[in-house]
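Heads up, there are several structures right after this.
Two complexes, one shared chain (subunit A), two partners (subunit B, subunit C).
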Partner chain A sequence: MRQFFPVEDLARDDRFVQTNMAERMSDTRSAVDLQRTAKSRGASNRLTPDRHDASDAARSLMHGIMVGEIQALEGAGRTAHDFDAGDGSEGTIPFELKLDMARQAWDEARHVEISVKLSDWMGTEIGQFQENTVLFEAACSNDPVLRLAGVNRALEGLAIDVFTQMKEFGQLADDPFLEFCEDWMLADEVTHVKMGSDWLRRVTENDPDRRAKALDFQRVVDKLFSFGGARGESEESPIGLARRFRELAGFTDDEVDTIAGMDHDALEERKEVVRLARETADV
Partner chain B sequence: MGADTTTDTATDTSRSHVRAPFAPWDRRDLPGSFDVAETARRVGNYKWTEMKLFEALGGWVATVPELDIKMRLGTHCYRHAWHAELWHKRLPELREMKPERLTAPANDAMERFVAAMTEPEDSGLTIEKLVGVYRVLIPRFIAAYTYHMNNTSEITDAPTIRSLKFALQDEFDDWRDGELMLQSLIKTPDDVRRATEHQAALEDIMVEAGGITGPGSIGPVQ
Partner chain C sequence: MTTHVTVMPEQFTLVAYDANRIAAIVRDLASLLGLSNPMAVEVDERTPLSKMSAVVAGTSSDHTITLRLQSGALEDTKHLTNFSEAHARRSLGQVMLRAKDRLRPDFADAPDDLALTNAQNTAWDVYCGGRLDRLGLDPIQQGYRYDFRNRFGFSDEVDCVFDQLWSADDLGWHDLPTVP
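For the complex of A and B:
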């Protein structure tokens, strides 16, 4: 088995259809349906059961969660595999970090089990929606610290936001099954993000350049997921920013503010693109 | 409150607390087959091999297309990491203050075994991956752990026995999962040939290694 495993080779059965971030970004359909928002629901675009497209949107999101969990499982497994135990320098990671990655692999395996059952419960079939492989892409770096920043902090931070939203969706929809499962997955994700925060700090304690590089990478990934303003504090974003749980997971107020700022900018950018597109169409 | 030897014990409440240090049902015995250094050596071999196993399982998750097997491998990955952690923590208690020093394969053949076991990567080789782990390596773990548990001192080495029992429970569960997965994958004569040929190739190396802790893994070498 190779030491590093490229995203193109991820093994899937025939039901799965994969796409990547570049393809997703070139998709002109907006993550935020601004026209619908403006017409039918005032300013709010939050994923709540009263949205006219709630069940489709929730199903699509749950499928996205499921494939994200598969990649999180694969990414954690690879990090447990790819680096020898050592002091954290020269391509090694501390033994205890390897153990944490193995633990995360188990947690993510349970998340796949949960989200497969939830998808089934919600009437979604495996492969019904495309799989974006961006999470595993972030887990392919040769520097384990970048993996911690990109996967554990940026993407699993996003998972905290998504699960918080889905838990609320379950509450509002009177679906105790959904709410119960999201509650448990949220607890695990807070643990994984905290794991990332703690290890990033520890491994880069005496290497400020490496830490800065990792945090830059985290911002790049965070920005990717701000695209279209799909996640943000504005009610126009379908997914909220779960400040309290992010704090539990080791994010500082400044860090959450930075993410909120990126989300805001992305939403405004998207609105501008949509406005220009409409003007062009009208002409 | 000295004991009065002239009093009938049946009626003397002051003597009712006097009991044999080992209750009649406690048959644990002092002698054991391993001294501290030998125990540490074996535990170091266990840790090394459990590490190689959890790394392999973690690495393979991305390479297997079968979703149920992907999830099982992720689950089992953690269990073997936990065993490695148990052994890692046991080593300093066995006077090895640098656990890395004894975190080693039993011999060169064991190292070659792990290299051969972890070689399959292609998504079409799930049978080979599972055979190496569940039909060759894990049975060897069950054997070595059982031998150790039954031959070490039940009193002086109780902490190792406790960890062995936890690990063995997982090994049995994992072996059963692995065997079920294999039986569900092996459907044609060609599958049977693939499984048995791969198993034989790996067994050859394992026999040369003598088991997880080398010759003597399951008893004195004749």
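For the complex of A and C:
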């Protein structure tokens, strides 16, 4: 069986259309309201049921969750298979880490099924929205430790934020299925992040350079996921930062503060890009 | 008779939309819906959101109907910033049905589109959605049902009201359900 699978070769049927962060960033439109007023939609962008476009936004996010789960399944499966069992050095991973990745793949497969059913319940068709492949790209590193940092800590960390937001959405809307399903998936995501944090620490115990490199990579991925301030502590961000669950997953307060800072900077950068684009286009 | 349609902006810079194509769809839908009023379409290409509203200047067939749409309402969600004919037909059909309703005396009490509550907005959308379905524009009924449940509650009784609304063709403003 083939090892180290490039993102271009992911198997999808013709319902799916894939995109990447470069394409996403080239869209200079923005939902950010540059002249915020108390009555404007931009006064709070948080994804809650009282937003006029709540259902549309929730459907789009649910589709993003579904394709993210497919890629997380593919990423965990690849990590279990791509590296031989060993002591963690020279392209090997401990056998117990393989077992954890296999367990994660099983969880993600279940999440895909749950997300497909939730999408159906909410009125979304599979492939209705484009699929951003950034998640799988983070799982393509030749160093398994970078995968743990990029996928288990950054990507699954984002999943904690997203599931917390969707769980709250279901709770406020009194949706009998959404809150329940999100809560179960959230519990799994906390476990996946914790697994990543623990293995990263163990595998790099005697290799501080490798650990530093992995944490640098995590910051790069986190910055990508902060794109446009889509996630953050500001009410202008649709998705909040789930501090409590991140703490349970092994993030330190300093790490969460760093992510919050990146989210804030990303939001301000995006506003500046939008402002400049509007001036240039004179619209 | 061909409906007079203007589209602003005439040239799009942030999205790959064609004003002539939008005007052609509006003319086609106007014919389908039996609307002969002049139409002014204003598209806000600065935002990817998809809010829509219709303003009628009066209730005669001479009065201009202004349709305002954010760019997301016309977008191909598989290829962002690109135009989707099917999505545009559904969105424009929906907002034009609302405008047509507003020409009726029994919609005289309806607040302006931007002043509607979320529940009023959703109920009217569902009433339009059912009619779009019968016109062959293929709206996703389950999406409308989920919106309706979000506003009115997740219960069998609410689903019954949804079904009645979806199958209705001749309602007035006061026939639309309100939040209990």
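Assume the second predicted complex is superposed on the first by the 265 of 283 C-alpha atoms of A that agree within 3 Å, B and C clash if a C-alpha of one lies under 4 Å from a C-alpha of the other, contacts with A are read in each partner's own complex, and residues count from 1 in each chain.
Keep in mind that, in the parts below, contacts are C-beta pairs under 8 Å (C-beta built on N, C-alpha and C of every residue); 3 or more make two chains touch, one makes a residue touch a chain.
All values derive from a computational prediction rather than experimental measurement.
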Following superposition onto subunit A, is the placement of subunit B relative to subunit C best described as a clash or a fit?
fit
Going by the contact rule set out at the top, does A:196 touch subunit B (first), subunit C (second), both, or neither?
neither
After the superposition on chain A, what angle is formed at the C-alpha centre of subunit A by the C-alpha centres of subunit B and subunit C, rounded to the nearest 10 degrees?
120
Just subunit B (first), just subunit C (second), both, or neither: which does A:12 touch?
first
In the superposed arrangement, which partner chain does A:2 touch: subunit B (first), subunit C (second), both, or neither?
first
Look at A:77 in the shared chain and tell me whether it touches subunit B only, subunit C only, both, or neither; answer first, second, both or neither.
first
Taking the superposition on A as described, I'd like to know which of subunit B and subunit C A:112 touches: first, second, both or neither.
first
Looking at the overlay, what does A:232 touch: subunit B (first), subunit C (second), both, or neither?
neither
Just subunit B (first), just subunit C (second), both, or neither: which does A:144 touch?
neither
Regarding the shared-chain residue A:170, is it in contact with subunit B (first), subunit C (second), both, or neither?
neither
Check the residue A:99 against both partner chains and state whether it touches subunit B (first), subunit C (second), both, or neither.
first
Between subunit B and subunit C, what is the tightest CA to CA spacing in Å in the combined model?
19
Interface residues of subunit A shared by subunit B and subunit C, listed none
Residues on subunit C engaged by subunit A in the complex (per definition of touch)
9, 13-15, 45-51, 71, 77-81, 118, 121, 140-147, 149-150, 153-154
Would you mind writing out the residues of subunit A in touch with subunit C in their complex?
17, 19, 23-24, 27-31, 41, 49-50, 52-56, 59-60, 120-125, 127-130, 173-176, 274, 277-278, 281, 283
Touch list for subunit A against partner subunit B, complex
1-2, 5, 9-13, 70, 73-74, 76-82, 85, 95, 98-99, 101-103, 105-106, 108-110, 112-113, 116, 126, 136
Which residues of subunit B touch subunit A in the complex?
51, 54-67, 70-75, 77-82, 84-85, 88, 100, 118-121, 123
